[in-house]
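Each of the two complexes below includes chain A, the first together with chain B, the second together with chain C.
Here is the complex of A and B:
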């Protein structure tokens, strides 16, 4: 594996984790946005790669996933239906927070991998150097 | 319990270098290397420009491009240093 391949791997890992953070932030952001009647209740997910190397070309794929609705009684809400219920997408906040944490950690790990690769390359330049 | 003794470590397979290379002109090798360095620098500059105008380049992509350019530049400098050393060694030769 050449230096280019490794850095390409790290680059994909970074984009993947970044996309997971973006998607989790999006889901958290929409969790309290009331749905207009008729709009499907969806959250976003990053598609699980079927194989790592097939997915290394291009960007990670974001898919939308339909979830249940969360109903809340609020007669004064402008988007409330005839029964006075307001529809929200049911976002699992704990799950999204866990995704945020694990994606951040994995991002850091990828950067660590790249930095050690870089340090190894710089050390390799010193082979045969006269002190 | 049956234990199997640990065998000796098999010797490393070292492929002799002269098997895998065909002779190429050294100057042209240098030329390709420098072209690669230039290419990397151009890629880094392009990524930086795209990042500056906000074309959806993420931070890590920019940093990796810059770092790769820097590393290949440093590699070119190291090659030059070795070359110069060798040349000076030869020029000091007493005949």
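Here is the complex of A and C:
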């Protein structure tokens, strides 16, 4: 039963949320990075490994997702094409910021869950202890 | 003739142990829901703690029924009390789950403390009050 391995599930939750923060930060960081000619426009996303829900084990994985390009006219840019257009990945800043906030909150909740479960275990060890 | 008797120490300890098991399961279910809060296609788990608790409360009046209820519930697995809802994880409230976890954790620790005190009293009685 997955509840027996709750600390592993909580650890997965922690690494999943941390990865979401890192990926959202990465996506925001590359939003103003011009793409070289022929480079695909991509962002990163976090996914769960296959079979995760059966065993509640594994590590979150990062997948690459294609997105549209954002075009900006800048003839002086060294990566501008022959029409003077500079290609950027179309990153949804609002979506990434929302991911950043929700992942931070969930990470804190996971830490709280881990600490609470740990406190319960330590308290159980004290049963019958001579004071 | 059925004699009215008070709850003995062993029954009291067993009752506390059973409720501690339920509170621990409650905390684990909340922790699992928190861990899966932002994972797409995950399901929310629910633990029905009200049914066993109301059965225990109803049995408190009669010690014999209480012992039977504790024995029956001790054999029942926690899994049978957990249900997974196929609804979207988006309906999950992270605040509610954290509150649920904190409540369960607090009650578990209070019960463990009570159990420790009970054992301390028993140890004192064994030592002859020394």
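One rule holds in what follows: the second predicted complex is superposed on the first by the 114 of 131 C-alpha atoms of A that agree within 3 Å, B and C clash if a C-alpha of one lies under 4 Å from a C-alpha of the other, contacts with A are read in each partner's own complex, and residues count from 1 in each chain.
As a convention for this text, a contact is a pair of C-beta atoms (placed from the backbone, for glycine too) under 8 Å apart; a residue touches a chain by one contact, two chains touch by 3 or more.
Everything quoted here is computed from the prediction, not taken from an experiment.
S.K.: Who does A:48 touch here: chain B (first), chain C (second), both, or neither?
M.R.: In the superposed model, A:48 contacts chain C only, not chain B.
S.K.: Taking the superposition as given, does A:109 touch the first partner, chain B, the second, chain C, both, or neither?
M.R.: In the superposition, A:109 touches chain C alone.
S.K.: Considering only touches as defined above, state whether A:16 meets chain B (first), chain C (second), both or neither.
M.R.: second
S.K.: Tell me which partner A:93 touches in the superposition: chain B (first), chain C (second), both or neither.
M.R.: In the superposed model, A:93 contacts neither chain B nor chain C.
S.K.: Between chain B and chain C, pick out the one touching the greater number of residues of chain A.
M.R.: C
S.K.: So in the superposed three-chain picture, is A:63 touching just chain B, just chain C, both, or none of them (first/second/both/neither)?
M.R.: Neither partner.
S.K.: Touching chain B in one complex and chain C in the other: list those residues of chain A.
M.R.: Shared contact residues on chain A (touching chain B in one complex, chain C in the other): 3, 10, 14, 114, 128, 130.
S.K.: Applying the document's contact rule, which stretches of chain C touch chain A when the two form their complex?
M.R.: 20, 24-25, 27-32, 34-43, 78-79, 82, 94, 97-98, 101-102, 105, 108-109, 112-113, 115-116, 119-120, 123
S.K.: So in the complex, which bits of chain A are touching chain C?
M.R.: 1-3, 6, 9-10, 12-14, 16-17, 20, 48, 53, 56, 102-103, 105-106, 109-110, 112-114, 116-117, 119-120, 123-124, 126-131
S.K.: Where on chain B is chain A touching in the complex?
M.R.: For this pair, the touching residues of chain B are 58, 60-61, 64, 67-68, 71, 74-75, 78, 82, 85.
S.K.: Under the definition above, what is the set of chain A residues touching chain B in their complex?
M.R.: 3-4, 7, 10-11, 14-15, 18, 111, 114, 118, 121-122, 125, 128, 130
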